[in-house]
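Read through the structures below before going on.
Each of the two complexes below includes chain A, the first together with chain B, the second together with chain C.
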Partner chain A sequence: MQRNLTPMDGGASNAGVVAFADPSDDALIEDIRAVLADCGGLAVEPARLAPEDDLYTAGLTSHGCVGLMLGLEERFDVEFPEKLLNRRTFESIAAIRDAVRGLLDGAAA
Partner chain B sequence: MNMIDSVSAQEAYRDELVAAGLLIPTGVDGLYGRSGMFEEVVERFDALVTVWGGADGAEVMRFPPALNRKYFEESEYLKSFPHLAGTIHSFAGDERAHRSLLRRLEEGQDWTEDQVATDVVMTPAACYPVYPTVAARGPLPEEGRLIDVFSYCFRHEPSIDPARMQLFRMREYIRVGTPEQVMEFRETWLRRGREMMGSLGVPLDIDVANDPFFGRAGTMLSNNQRDQKLKFELLIPITSEEKPTACLSFNYHQDHFGHLWDIKTADGGVAHTACVGFGMERVALALFRHHGFDVARWPAPVRSVLWG
Partner chain C sequence: MTGLSTQARSVGAGVAAVHAASVDRDARFPSEAFAALRGERLLGALVPVELGGGGASLFDVASACHALARHCASTGMIYAMHQIQVACLVNHAQASPWHRALLARIADEQLLLASATTEAETGGDIRNSVCAVRAEGERFTLAKNASVISYGDAADVILVTARRTPDSPSSDQVLVAVTKADCRLEKTTGWDTLGMRGTCSDGYRLEAAGELAQVLPLPFADMSAQTMLPVTHIVWSAVWLGIAADAVSRARAYVRAEAKRKPGTTPPSALRLAEATTKLQQMKASVLTAIRQYELACGSPELLTTLSFATAMGTLKVATSEMVLEVVDRAIRTCGLSGYRNDTPYSLGRHLRDAQSAALMIGNDRIMSHTANQLLVQRDGSGPFE
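Now for the complex of A and B:
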């Protein structure tokens, strides 16, 4: 894991990362929407998508999916393991939220 | 069969092919000359492909085994397969640099530092020159387009496996059109491919496949490709029963190339593309494997399919 939460540097400089340790669903979803807007290359505005909407129907391509994965990793300071590198992981904002939540919980444990 | 066994089976078959004179070694793994008999099999198989596909009226295009570097860059090949690409570099220095080059060569040092990229890149798959060519003609006609290409292709993957050459030939039909036109084309060729190869008396199977995309992003692209069944391969055992060799491939690119080169259908939609590729050397190697090295002694039904 790339997270860097040792007691020595858990202070103010890492506040942005620490904040993700237990973000609310709403906060996660807003962050995911922001990454989608930057990296997803969707045909529609991510703000208009409901959490359960199908992102592939909204124009997410295979290459767009790669950009989205990298953007999410940077935003949340996580690394998707190989078993999550498939279409289902990124099929909706809710699916991404669950995957990111799992990775954040795993990193905090 | 474990890894070591499969490598030794590949090496053994390569050595047999060389000993029989079918392949001519050059000292580089994956780079071979071919004998007259090998070429005759390739030519007869090429003709057989035309027997099955010729009546569709494809437009024939023949390109040299290289493409415009600009097209190569636009293709996003470097995003997916940086490890396979072959770019052509040439000397572009002055006389002083030339003297330095010769000195380095003589001293056995690296002499390539003054080599610069030319406008030419090795063709990675026979269909790559087709998409920008079709795009430059403007929107597609109602019926879309069907193109026939045949080219040597380069992939930087040196291997002892004679079925994994660095320079090999690929015949392809490429369909450009609406999603319906393109899917119908692929279904037709999945059926034809099975029948055509079945007529050659070789054991075969068709299975979902993925391209060897690079890195973690590549894992994702490979998984997506399999999930969506975008690529099928017709497999024939050559040096391994467990890991048969892909001899034909059936690829649906969705609107990937249509987007990249802005290819539009007659009604203004983004064009979809698909291709069927025939690995000429691999098919020849499979035939030699299953029917022996002497084509005069191949089974009569196979001879009649190929030689009429």
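Now for the complex of A and C:
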């Protein structure tokens, strides 16, 4: 599936969806921080979290994970398979980045 | 039949059954049954053999809970709750020397474990804590206003949930093993209830001090998902299955007595008995399926923490807690006034009262809300029959 090279915004059928062909790690992490801020329900500002910081220590709950995952699916236009639906997938921004990267690469292949 | 199940049957029929009425009437700890369980060394059943325990499987433990609950539901439930705590230590704390030594003591000294997971401020929400572990060098202090510590007076060790540090968010919890010597308990509420009266689920203010090594190494959230949640729902369901099974036994005995009085005809109440038996079989199938699912996932943190596994275990609890009421209801209809009275061999009042607790222990509404939330993202599993 061919993906757009630049973030799309405002298209009627893609409202709120941002798609990348090969986003840099930094770009992915910034987007993940934005989703965390919207949907994660954390006790701290995502901007203040390092990529390796433990999100559960920062207040992420299993309930928060559900909102976070829905937000990530919407943001990156991906679908998390059953085997990624566990606590480890969402334990840090870096872990989420790796999971999203894998899903984006899988979708592009 | 396994040795554990046979021994539990023997303690159930020979001891728990004898004292069940007085345990229920006086809302007292079933001390005779637990003296017998200790005599048979059944409190160490889950402890690995190399640490002096029985090395039992969850299937064996669930069958023992069932065997005890057939005769005294409070005895079965206390035994079940003890095993949940032991399972957390066995599955998640064997790498810690302090907890490994504790496991050996559980087997050797037949220690009884309880838990303090609920808190006055958070109610039944065991995944959030207000109290926190306060570290000072190698030691800690911990104060918790525990709304329930079942059999707190009789327990030798209490596993307590708390926030990791005073600065941690409420969901960042650890589990701390506190021995009776480490803590002071002040009773805040009593336990004068409809049923499950022998569990003595009093409230306490708990103040503990000990070594930081007593904090279990894994975050409570991981232990909860991988062990506490599935083992709790399985062994509780086994207890409720035991209540249901004894209700059906009494109903069957009643119908047989009726049939003997009028040879050649099947008593009308036999139809209700068939209904009760059908529901009992459904309930048993639910419990055995969940044990099988646990066995298939066991040892794999990935499988144990999938949403589909959590949903399977949560819905097991909701389903069996409702089914036990249906089975007991059908058994009462079968026995008629003989089941309704408190002074016949077919009396089912205690079964009905004990069974009413099932839907309330970790409220079904809470579990269903949680399940509904998780279903927003759940996918089809890839294992057998999924």
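Points worth noting:
Keep in mind that, in the parts below, the second predicted complex is superposed on the first by the 90 of 109 C-alpha atoms of A that agree within 3 Å, B and C clash if a C-alpha of one lies under 4 Å from a C-alpha of the other, contacts with A are read in each partner's own complex, and residues count from 1 in each chain.
Everything that follows uses one rule, which is that a contact is a pair of C-beta atoms (placed from the backbone, for glycine too) under 8 Å apart; a residue touches a chain by one contact, two chains touch by 3 or more.
Just so it is clear, the model here is predicted, and its values are computed rather than measured.
In the superposition on chain A, A:82 makes contact with both chain B and chain C. Judged by the touch definition given at the top, the superposed model places A:27 against neither chain B nor chain C.
Once the two complexes are overlaid on the shared chain, A:66 sits against chain B and chain C alike.
Applying the stated contact rule after C-alpha superposition, one finds that A:57 touches chain C and leaves chain B untouched.
Of the two partner chains placed around the shared chain by superposition, neither chain B nor chain C is touched by A:47. Counting the residues of chain A touched by each of chain B and chain C gives the higher count for C. Comparing which residues of chain A touch chain B with which touch chain C, the overlap comprises 61-63, 66, 69-70, 80, 82, 85-88. Across the interface of their complex, chain C is touched by residues 43, 56-63, 66, 69-70, 80-83, 85-88 of chain A. Chain C meets chain A in the complex at residues 127, 164, 168-172, 219, 221-222, 225, 301-302, 305-308, 370, 373-374, 376-382.
By the touch criterion given at the top, residues 61-63, 65-66, 69-70, 80, 82, 85-88 of chain A touch chain B in their complex. By the touch criterion stated above, chain B contacts chain A in their complex at residues 76, 79, 216-217, 219-221, 223-225, 227-228, 254, 256, 259.
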